[in-house]
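Chain IDs A, B, C and D follow the sequence of writing; residue 1 opens each chain.
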Amino acid sequence: MFDDVRTIVAELHGELTGHGLVAWTSGNVSARVPGKDLLVIKPSGVRYSDLTAGAMVVCDLHGEVVEGEWSPSSDTAAHAYVYRHMPEIGGIVHTHSPYASAWAACGEPIPCVLTAMADEFGGEIPVGPFALIGGDDIGRGVVATLRGSRSPAVLMRNHGVFAVGRTPAAAVKAAVMCEDVARTTHLARQLGTPRPIPGEDVHRLHDRYRRAYGQPPA
Amino acid sequence: MFDDVRTIVAELHGELTGHGLVAWTSGNVSARVPGKDLLVIKPSGVRYSDLTAGAMVVCDLHGEVVEGEWSPSSDTAAHAYVYRHMPEIGGIVHTHSPYASAWAACGEPIPCVLTAMADEFGGEIPVGPFALIGGDDIGRGVVATLRGSRSPAVLMRNHGVFAVGRTPAAAVKAAVMCEDVARTTHLARQLGTPRPIPGEDVHRLHDRYRRAYGQPPA
Amino acid sequence: MFDDVRTIVAELHGELTGHGLVAWTSGNVSARVPGKDLLVIKPSGVRYSDLTAGAMVVCDLHGEVVEGEWSPSSDTAAHAYVYRHMPEIGGIVHTHSPYASAWAACGEPIPCVLTAMADEFGGEIPVGPFALIGGDDIGRGVVATLRGSRSPAVLMRNHGVFAVGRTPAAAVKAAVMCEDVARTTHLARQLGTPRPIPGEDVHRLHDRYRRAYGQPPA
Amino acid sequence: MFDDVRTIVAELHGELTGHGLVAWTSGNVSARVPGKDLLVIKPSGVRYSDLTAGAMVVCDLHGEVVEGEWSPSSDTAAHAYVYRHMPEIGGIVHTHSPYASAWAACGEPIPCVLTAMADEFGGEIPVGPFALIGGDDIGRGVVATLRGSRSPAVLMRNHGVFAVGRTPAAAVKAAVMCEDVARTTHLARQLGTPRPIPGEDVHRLHDRYRRAYGQPPA
């Protein structure tokens, strides 16, 4: 079932390793199955080099396995919560990418000091609560934090990044850009005092980016 | 039209990814078409792995598309402005490379504390103004800053790098070296107090490098 | 003899280079030969690109060569000591991975400020004593430190990492994750004050990870 | 002439790029031709991907070209000076590797806080004088500094690394290890106060490493 979605999810994990966002097995991508109350996610503890489309796990939106040979990611409950509560979201990525997780360990949002952040995140990247894995706590923290922000990524305190998008590829892009700006802003903080971009310029940049960047819809 | 220039521009984007200067789609290379009031540039929002010579966009020097299937880079207006006002320039590179952008976020020029900087940049790498994308503001800031300096690269405040050269390959080299010296000087600042090179030695190094480095003209 | 173990040990060295844990020849993997008082280890000073299964050295648990064309790693005595005193351990990895070795050079344990550390290490990663190579001093320091901790990795002061596991692959995973969390916690310390995870939450995370992460036993 | 030496020198440049020691064309390897007053060195300004054995340049020990189609490295005078004054040296590497060059920009020797440094360098890595390129000044500074040290590498102030060895491969190893320890010690300095290794332990480690590491001579 759902071979196309499985293939997309399996292949997008290659972006996590290629961009240095994950170590060993510590990150995952999921996708909502279009038109169904189902998601496709990485199996737990399986190395990225062993991920095939057939190894992906299909779950319902409460995290129960519907189809798959393997146990799903231990983060499945968090992904499922987000899909239940954010119907506009079609893909989710979770990583412990190093610079973003450093901000998360300090409980500090990433300040908007780069035009690329204004473009992609519409302002700072916010911090969500500390939450234990296993129930709805992480998902609830992700959703609550994202709802108070224009950012498609949230830094979960002492943990790492959850990034969302209308498609799984958009969520991967948000996770990649989150680490990129987390690194540049970290380097800027080491150097001196990065200058914030005035709020109205952040708005202008974000609005223009959403309207004018990339190719027009086909 | 202009297949050679398209091929060069498409291939030079591989240097941006290979040297770690760009994330996702956030940087671009352009070239002036020799003898014409035209430029060739990356299409907007297209991933580096999908760039072919045929995907490059030909624009006039006001950024209007002359030939190409895709919308051009959202930075085209800035490139076009530079080509209009600096006739000696044949190539331009724009990146958000992380160490250089950290200096840009702090609004600090990179001080000349390395002989390699004296060689390539003839002194510090200067900071240009904060400018919004879309009109002539970025291009005007790039040109004004480069005219006051021997450096082929400028750090646009809260944004990133614009690097220029007589050829697109020379502009790519300037962008690569800009990030390289931005990193080493950042590391030196973390360690202690990097010692400036006396101005007259900077001049000697720069003059010698321009005269004697590399292979004699064919 | 023991071709399977030799093959595993030779191949696991590729994880050390692939994850950036080693420079030139400065790290090694060993495995206990199941059911025998023997270990298999890297030859001394041989580059990773030249490691074949046949180049691995078989030693007894006092570090004496039993079979092999090459001299064994100069760290063999330390590995052998650990196998003699920790019968549950089936694999050992030694590296000078950069972030972890920076903590070791400062003689500071890595504090548990990340859920991934609670998961994998069950708390902080401890520091072992400064010890000279060649006799039992390093092995003794490794064993004494690991016995006082739930961590499968120890930072030997002014030296580097020893990581252990029930299998050599598990030891490699511990070495990879040790560098990963050493980096993120280092970055967090540069940024501000990373917040410790309360001890009881560390226990809950570690217990759950050991019980529920990954695939159930076949 | 000297095809074997040319091949070795050309191939060793791949170690510089593979270990991240160089950007664009900013580093070089040379070898003494055994039994001759000649050296083989990289051509100036040629990219690493274009280096073939045939492109290497043969010079005498005053830097004059004896054979080759290309102009030799602009650092040839420095290499030649070292070969003239250190007859035991068979290979030299010059880089601007980032962490080592950061120490050089600050004019600080790298302190011996790692057993790997005691092993390879026998103590701190010393700083040589600021010197302009083109005459004997750089070579003189390299030789004077190396003679006062057991280290096979020197940090030339505001410039970069010169590393030497009995063979060109040994010089490459010294350059790789220099950057490796420059990075770890830099990270340790950011973290806190790295603890020096007592001088007598440095001696013991260095002596043992020279006697016992690696494979016995054939």
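Keep this in mind: a contact is a pair of C-beta atoms (placed from the backbone, for glycine too) under 8 Å apart; a residue touches a chain by one contact, two chains touch by 3 or more.
Each chain and its UniProt protein: A, B, C, D = L-ribulose-5-phosphate 4-epimerase.
Just so we're clear, the structure is a prediction, and the values are computed from it rather than from any experiment.
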item: Set of chains adjacent to chain A and to chain C; value: none
item: Copy pair chain B, chain D: interface residue numbering same or different (half cut); value: different
item: Most widely separated chain from chain C, with each centre as the mean of CA atoms; value: B
item: Chain centre separation in whole Å, for chain C relative to chain B (CA means); value: 44
item: Chain C and chain D: spacing of chain centres that average the CA atoms, whole Å; value: 31
item: Junction residues of chain B - those touching two or more other chains; value: 190
item: Which pairs of chains touch, using the document's own definition; value: A-B, A-C, B-D, C-D
item: Chain A residues within the chain B interface of the complex; value: 19, 113-116, 173, 176-177, 180, 183-185, 187-188, 190-195, 197, 201, 204-205, 208-209, 212-216
item: Chain A contact footprint on chain B (complex, rising order); value: 23-26, 43-46, 70-71, 74, 96, 98-99, 101-103, 105-108, 130, 132-134, 157-160, 186, 189-190
